[in-house]
Amino acid sequence: MKQRSVSAQLHWEQRTQRPLLGLALVFAVAYAVPIVRPDASADVKWWCEVAEWGVWGAFALDYLIRLFLTERRWEFVRSRWLDLAAVVLPVIQPLRLLRVVATLLLVGQRARMASQIKLTTYVGGAVVGLLMFGSLAVLSVERDAPGGNIDTLDDAVWWSFTTMTTVGYGDHAPTTGLGRVLAVGLMLSGIALLGVVTANIAAWFIARFEKDDAEERRQTAAIAELAEEVRLLRAEVASLKSVEGVPERRR
Amino acid sequence: MKQRSVSAQLHWEQRTQRPLLGLALVFAVAYAVPIVRPDASADVKWWCEVAEWGVWGAFALDYLIRLFLTERRWEFVRSRWLDLAAVVLPVIQPLRLLRVVATLLLVGQRARMASQIKLTTYVGGAVVGLLMFGSLAVLSVERDAPGGNIDTLDDAVWWSFTTMTTVGYGDHAPTTGLGRVLAVGLMLSGIALLGVVTANIAAWFIARFEKDDAEERRQTAAIAELAEEVRLLRAEVASLKSVEGVPERRR
Amino acid sequence: MKQRSVSAQLHWEQRTQRPLLGLALVFAVAYAVPIVRPDASADVKWWCEVAEWGVWGAFALDYLIRLFLTERRWEFVRSRWLDLAAVVLPVIQPLRLLRVVATLLLVGQRARMASQIKLTTYVGGAVVGLLMFGSLAVLSVERDAPGGNIDTLDDAVWWSFTTMTTVGYGDHAPTTGLGRVLAVGLMLSGIALLGVVTANIAAWFIARFEKDDAEERRQTAAIAELAEEVRLLRAEVASLKSVEGVPERRR
Amino acid sequence: MKQRSVSAQLHWEQRTQRPLLGLALVFAVAYAVPIVRPDASADVKWWCEVAEWGVWGAFALDYLIRLFLTERRWEFVRSRWLDLAAVVLPVIQPLRLLRVVATLLLVGQRARMASQIKLTTYVGGAVVGLLMFGSLAVLSVERDAPGGNIDTLDDAVWWSFTTMTTVGYGDHAPTTGLGRVLAVGLMLSGIALLGVVTANIAAWFIARFEKDDAEERRQTAAIAELAEEVRLLRAEVASLKSVEGVPERRR
């Protein structure tokens, strides 16, 4: 019974994976357009708004269906509390930025769930997503700020890169509180990125280093010698057996 | 005898753990208030002063009690020389900043001692603590400095983040000697943080890489083959035994 | 048949390795001269142009020959799609910068193929190459930009270093879109460099740490004890054999 | 014969280790004084000059003695070519800075040779030395530069820290070619430092991760099972032996 329901949930997650990641792109566009083109017509902006809410709704629905398909509901809620927050919060207090973060969270969750997505792909996608999201969000926040120095999309993207790589020239930097909160997010992601890159290379190096690890060699040698010993022993027992045979035949 | 005393010390450390970490929060508040609200009433400031000294006193007392409970006093003093310094120095020369550092050290020591606190939690806590402490300390130092550019709490926190992540925009930077000493502390902590993050990811990666390590596989193979050999040998001996049996029964 | 062709390809790659890496230096010079000496005579610039195209042609030819020498052509094209792009793109749209990137890519591919080139050498070479290329490219782009602050070769090299090490003072920074694209390339290479350095040290450390790894020790111990056991067993069987011998001689 | 000479060399290196590292401190002081106190009397500066040359001479002499004590002179020269360069170059062209670098190199070589110096100590010492040396060298170079912004020792030390930790605020930065060369040196050391710190933590983490490595466990299990098998086998042979014993005693 539980078996079936679990497989039902997995089945659903696998079937919905692609469409949901597709919706994420729709969301990205719907989020980007009004920021990149502030002079877009009211209709366009309205449609983007609708699209954003639509995508959020799709992920909320997906969450509910998964919750319905699983057996241990309570465990599901506890283990996926972040999803729950991402689904509920925008409703309670529908801030634009919050909905963005929420959708990004939900997308990330689904992407991580997608078994066929390699870790590297996941990290790469996350970095690109964070760069794009960070640039747009900071642009939308800083553009109208008095004394702000991030006014064009170029500057915003450039700033995101200098921040995420922890280079930080300082030729562009957020001045508003919200912009700085976003910047901190990018910095931390940058550190994580740095960590993943380094870790990847390190793991690869170490996997090669391991090969000539002294202890390992000593072990293999020990085993080989041991095997030799057993082989000798076996020969001895064999000879012993033949000796036994003789008296039998003599009588 | 020694057994008992050691367990007594451990018992004390475990019992006092929670309350002492609680006191640390009291200290944090008592330290923050006068800096965040420079226009607070004299009473408030006086009470904060009292609270700070109280927390320091509690940790000093804790040190003495632990020193009394342990058997090998001298070893305890030598191995915990940093605690000793943290306890004694503020008395010799009661500088505000020194007392802060001292208390932070003592809190850190106790937290690290707390067996149930995971390393990640410990690092996370240390980072948050350093950010908060660094921001406040630098703010209190730089605010009154002529030509200083860290005047508000926002700027201080923002600066702490840009420093600890080694981004360093340079839109805000300490100008006084003391402020720079604090900054160096944050930078080094930042490097350590970077190291811990990377190491964490790397360790996780490598743990997965290990799985398909050539040498390992070769070893396992060697052992398996060896086991096979021994199994054969055993069969042979068994057969040998039965052969023995025959003459016995024939007579 | 396939064996032969594969060896033929390998043979070619090994024979052409040195000359092609040599040509890379020619390219470096031919690329640097017009940028470092903008007031060079038209002839010099023309010859540099020729040399650049010549080197690119040599690599293109090398690609075609390798494609001809291999058996599984389709697999070769798929696995080396980056080479193909590097060879074709400059023809479709002969942009100077694109040709530079293309040649760098092709050189990198060949260098990585060179078995006797150690990874460290490869990384070192890549870093030097990127620094040189980045400095020159940014200089050529930023020098003429209005309000640009990278005007001399010194500044360009200095900026490359501050970027690649993610120090990013911000005393010099690209202002044009193309310059920033190049900068991002340097930053990412810098992160990779950081990763390789760290990984190298980490791998070396860990190789030493491994030595006193608890599990390892326990294993070796287990094997030793096991060997001892087998030795005892052998002795026992030997004694058993001698006992057998007695009756034979007695009769 | 060779044995003796090698041990003679080792003996010398161990005996001279401490005094030479002591001389390094003398050098540090002699180098620092004229820079920190530009208004020092001519005598003082002259004595510092003498001390610097003296320390360099001591290391040169040490090199010659070691060269004399070793058997395979040629191998010694080849493997220690850096020492040779450090010894010879300052003579050929006695530049102040070159002599400084040379002495630092020689000190580093000896320190690394010192077996009882732990790696961490070595790295720590190197970092401190580089910071001190970098600060002083940059100060001496930048102080007199027109438009330079590193005029006091405080600024120099502060700049060294921001550079080595790759924070790079940019509030202070070298403007002269020589100053920038020194800066690049500090940056690269900073990256190495970052690497060592991360590697240290990573190695420690991984050493703990290793404990629950699946493959390892499987191996240990395999060995244990194998040992069990041999134990059974031994019992069997033992029983077999007793069976043999019976007829002997029966007759």
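Labels for the chains are A, B, C and D, by order of writing; each one numbers its residues from 1.
Here is the rule we go by: a contact is a pair of C-beta atoms (placed from the backbone, for glycine too) under 8 Å apart; a residue touches a chain by one contact, two chains touch by 3 or more.
The chain lineup, named per UniProt: A, B, C, D = Potassium channel family protein.
Predicted model, so just to flag it, every value in this text is computed and none were measured.
K.L.:
By that same contact rule, can you tell me which chains touch chain A and chain B alike?
P.N.:
C, D
K.L.:
Farthest chain from chain A, comparing Cα centres?
P.N.:
D
K.L.:
To bring chain B onto chain D by a C-alpha fit, how many degrees must it turn, rounded to the nearest 5?
P.N.:
Fitting chain B to chain D on C-alpha positions yields an angle of 90 degrees.
K.L.:
I want to confirm something about chain C and chain D. Since they are copies of the same sequence, is their interface symmetric in residue numbering (over half shared, so same) or not (under half, so different)?
P.N.:
Shared-number fraction below one half, so different.
K.L.:
With chain centres taken as the means of their Cα atoms, state the distance from chain C to chain D in Å.
P.N.:
The separation of the two C-alpha centroids amounts to 27 Å.
K.L.:
Just give me the whole-number Å value for how far the CA centre of chain A lies from that of chain D.
P.N.:
A distance of 39 Å separates the two centres.
K.L.:
Mind pulling the chain D residues that touch 2 or more other chains?
P.N.:
Expected reply: 166-170, 194, 198, 200, 202, 204, 206, 210, 213, 216, 219, 223, 226, 230, 233, 237, 240, 244.
K.L.:
Could you list, by residue number, the parts of chain A that touch chain D in their complex?
P.N.:
Of all residues in chain A, those touching chain D are 166, 168-170, 198, 202, 206.
K.L.:
Please output the residues of chain A touching chain B within their complex, sorted ascending.
P.N.:
It comes out as residues 163, 166-170, 173, 177, 180, 183-184, 187-188, 190-192, 194-196, 198-200, 202-204, 206-207, 210-211, 213, 216-217, 219-220, 223-224, 226-227, 230-231, 233-234, 237-238, 240-241, 244-245, 247-248.
K.L.:
What residues on chain B touch chain A, complex-wise?
P.N.:
154, 158, 161-162, 165-171, 193-194, 197-198, 200-202, 204-206, 208-210, 213-216, 218-219, 222-223, 225-226, 229-230, 232-233, 236-237, 239-240, 243-244, 246-247
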